[in-house]
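Following: one structure in structure tokens, then a few remarks.
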Amino acid sequence: MSRAAAQLASFLRAALRGITASPLTSGIAIATIGVTLVLLGAFALLVANMERMLDDVGDALHVTAFLEEGLAPEAQRELASKAATVEGVASVRIVSKDEALARFRGGVGRGAALLEGLSENPLPASLEIGLADGYRSASGLARVSGSLDGLPGISDLTSGQDWVEGYLRAIALVRGIGWGLAVILALATLLIVANTIRLAVLSRRDELEILALVGASRAYVGTPFLLEGLIQGAAGGVLALLLLYAVFRLVLPGFEFGLELVLGGVAPRFFTASEAALLLAAGSGLGLFGAAAALASESRP
Amino acid sequence: MKLGPSRFLGRRRPREYAGGGRKAAVQLYHVSKSYTAGHYALRDVSLEFGRGEFVFLTGPSGAGKTSLLKLIFAAERPSEGQIVVLGRNAPRLGPAATPPLRRRIGVVFQDFKLLPRRTVEENVALALEVVGAPRRDNRAKVFAILKQLGLQHRRFHHPLSLSGGEQQRVAIARALVNEPEILLADEPTGNLDPELTVEIMDLIAQTSTRGTTVIVATHDYGIVNRYAKRCVRLEGGRVVEDAPAHGATP
Amino acid sequence: MSRAAAQLASFLRAALRGITASPLTSGIAIATIGVTLVLLGAFALLVANMERMLDDVGDALHVTAFLEEGLAPEAQRELASKAATVEGVASVRIVSKDEALARFRGGVGRGAALLEGLSENPLPASLEIGLADGYRSASGLARVSGSLDGLPGISDLTSGQDWVEGYLRAIALVRGIGWGLAVILALATLLIVANTIRLAVLSRRDELEILALVGASRAYVGTPFLLEGLIQGAAGGVLALLLLYAVFRLVLPGFEFGLELVLGGVAPRFFTASEAALLLAAGSGLGLFGAAAALASESRP
Amino acid sequence: MKLGPSRFLGRRRPREYAGGGRKAAVQLYHVSKSYTAGHYALRDVSLEFGRGEFVFLTGPSGAGKTSLLKLIFAAERPSEGQIVVLGRNAPRLGPAATPPLRRRIGVVFQDFKLLPRRTVEENVALALEVVGAPRRDNRAKVFAILKQLGLQHRRFHHPLSLSGGEQQRVAIARALVNEPEILLADEPTGNLDPELTVEIMDLIAQTSTRGTTVIVATHDYGIVNRYAKRCVRLEGGRVVEDAPAHGATP
């Protein structure tokens, strides 16, 4: 056991020597990995925060059921509780005629003061029906609307469905593009990091050859190189995390107001500890992979 | 019936090198080596080197000396023929079995093949580390061999900051430090002055008295004559002379 | 002149030999450059198309000026032409009381049928005032509103300005984030490409040294290396363009519907010829730069 | 008044090496070279080599032979002293002036320094291309010199597939092909057999009769004695012997 530890220590020493012996090559490799992971990390953060915002928008989605004129408040309440039992309904809120008028006025602006002269409030009372998680889609919306349509006392359901459908699709697309780009970026990162490590290792192929000629086993030759890749990848990951955190802490607060508008009041969040660990692991794994690929393309008996 | 002849051929081969060889360190049977089609670096070479034997390999430039040494430590495979080194079929060894064989062989390369990023000490220690020897013991051994070669004051230098002769001596130290069963030395004194050449050849000769099989490729007939050992002469890839040792060491 | 051409030809030959002599290293370098430029190019396309969509949204932005009750159609037209002369106004459209009611009904859905019983249309006529290019911002909007406020016959201006302001800021932020990311990506590309070339060149530093020892001038040593970087960069650029075009032609049409929603009916466009040339030039320039940096870090008298 | 002495020093220097040297190809004045503080590879060396002169440089391993040659073709700068090569102050040349000087000097490096990615022919042609000679003429010249060195059949090979002696001959061909004014050869026959050594040394000696200054660092006293030329012996970085040529060529 202590012998294995000694062996590992000597491999580590060899790996560190490899890194420090050509500081320029190593520095370039680490910087490249760091920059690539910054890109990936920044994008992951953007998508994650966008997801949360989209969830918020989803919360705001609802079906409006206009009630028949002259329905008593008690009957309205009864209808509301009935609607709440419909599959796919998460919440029901009663909007009275007065509340509807007040909202209308707010929407049309001061010009709506002209409505003051009306003897009667022309707007109907309605139910604002929130959708359950699985139903925040065009098809879910249609299903819920269908179920509600039969209830007595409901005169009409929002026909804004076309628009909602489009809106939901757009959101799905934005989400799709976001994740699609993230996947492409991840693949690109993989390629770039692995290749950078490969280039760094390739520049030392004569060393590999000499070691083999002196009778070094594959493990003896390969382990320090793999460790070197791992260390460079991890160093790139740390660099990326530090950069991202610095930007998050120092730069973002300046855009607080704008961010609130884009994220809709959702406070932007940084990586959780496990996500940060994942980024580090990704860097290390990529470094390892690149070194292994370089080694494989060089190995001879 | 049609399969007969080839079957016989198939059977005949193992017999050809099955017996003997207990005391032989290296056996070559009808070995040929061709790097490029139509041109042979070695042609039908059959040789046997016993354990503890000291052999000079001579011949003009391009005769195939380095090629022969490369075949012995499995850096190249023969195009034809069989090679048995320390009882193992060298060219047939897989990637896992080759390193252990190489660790039993010390090689002084014609172009040294030192690692430029490691110090002299580390380069020499490499031959020990590769075997997995504990670090502590290594230092003493490395220091001892470097001192014998007059390099102890250079041990923390890097190969690129050494003179040609100093580099050559580091290569020799690396080949000797492990007390190998076979020592292959390719032109080991080409960059050394006559006094140093004698000193170092004496050192190499010593190892052969301790049981190491030593094969030295050289152009220097001065030392060939001085040691009066067995001398194999190659020309155009063929063995043209195999003169046995003729007398005691000087 | 013919001697210079011969010299250039020999430099080119040397550069190509350098590339083909180590196909693995060159291949890796070209692939890395290609991937990085694909990222940059894809993002540039996204931002460019988004810009066009934002322009479209900007076109839809307008100020609504409610007119005093009882203003004769002729007076309305006069007011409209007066409003059109105000600085920052691009277009003026009259929305009559009837049109306003029709729109309102459309907005509230079938439930608005309840308004039918009304004896009088409570909604005012208005002017829909489009903004000129430089005025599609919160401050521009305020300036135009201020100028219009004094005109006789106008009772009120849309107080939805708060919302518009927020909306415009959000758009500015999206635009800002888009361009910010593009700049970061461009810098990352610069670093990655330059470093990749550097690594590829560093693996041949002994060659540089030997050439210098044989008496080669700096130009003789350096030119093939610079050309090599240039060629690798250009090859990476071509690779990126081909990949992007393939995606644009083969993959995007599958998302046509979704794209229309996101881009608001704007057909997505590919690079113009000069933009494509720019991408190529960027690749070549980066390759050249990387090679020059590598050379500089290696050069000795 | 206080500035006086240093001014005088400033003036004195140029005078020291201003005169003479018209016929000298290389002049060294009190040259020392130290790579690492406290240790001198060369110490207070003053030498002059005339145009067309043939000189052997001998001495034990690490004596400073290679260092001396490196100083002459401006691969290293002296720690102290002055060096004038072909009328130019070698160590003071900037990056633009060094290459033109080097093109007038042919060097056979102890470790060959061939480009592994170019063929033998291309490696030799390098010395001509660097001067900017037209391609067509080069081929003939390269072929001629390769033939003289017995390498014409190897001209499309890459250096790594050559034997040690073949590589050394390529290095010699590259140094000679340009008919340099000075030829520096560092252990040029360390990997060659005796017959080839004589052939190639004869070739090198010929160039000196054509006006080239030849400086050959070697351990091979056989050839030193054979040619009976001027022989400078270094030991521990100092010139310990400077024996003039003693007789006609053999």
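Order of writing sets the chain letters: A, B, C and D. Residues in each chain are counted from 1.
The criterion applied here is as follows: a residue touches a chain if its C-beta (ideal position, glycine included) is under 8 Å from a C-beta of that chain, and two chains touch if they have at least 3 such contacts.
As the structure is a computational prediction, the values presented were derived from the model and not from experiment.
The chains that touch both subunit A and subunit B are none; no such chain exists. Touch-path distance (fewest steps) from subunit B to subunit C is 2.
One finds 33 Å separating the Cα centroids of subunit B and subunit D. Mean C-alpha position of subunit A lies 67 Å from that of subunit D.
In this assembly, the C-alpha centroid of subunit A lies 23 Å from the C-alpha centroid of subunit C. The centroid of the Cα atoms in subunit C and the matching centroid in subunit D are 62 Å apart. Touching of two or more other chains is recorded for no residue of subunit A. A ring topology is adopted by the chain contact network, closed into one cycle in which each chain touches exactly two others. All chain pairs that touch, listed by label, are A-B, A-C, B-D, C-D.
Note for the complex: subunit A touches subunit B at residues 3, 6-7, 10, 17-18, 21-22, 207, 210-218, 220, 299-301. Taken together, the subunit B residues at the contact with subunit A in this complex read 73-75, 93-96, 98-103, 105, 107, 109, 113-115, 117-118, 126-127, 129-132, 134-135, 174.
Touching subunit B in their complex are the following residues of subunit D: 35-36, 58-62, 65-67, 110-111, 161, 163-166, 168-169, 186-187, 190-197, 219, 221-222. If you check the complex, the residues on subunit A that touch subunit C are 24-25, 28-29, 31-32, 35-36, 38-39, 42, 64, 66, 69, 107-111, 113-115, 117-118, 122-124, 126, 155-156, 158-160, 166, 169-170, 172-174, 176-177, 181, 184-185, 188, 191-192, 195-196, 198-200, 202-203, 255, 257-259, 261-262, 297.
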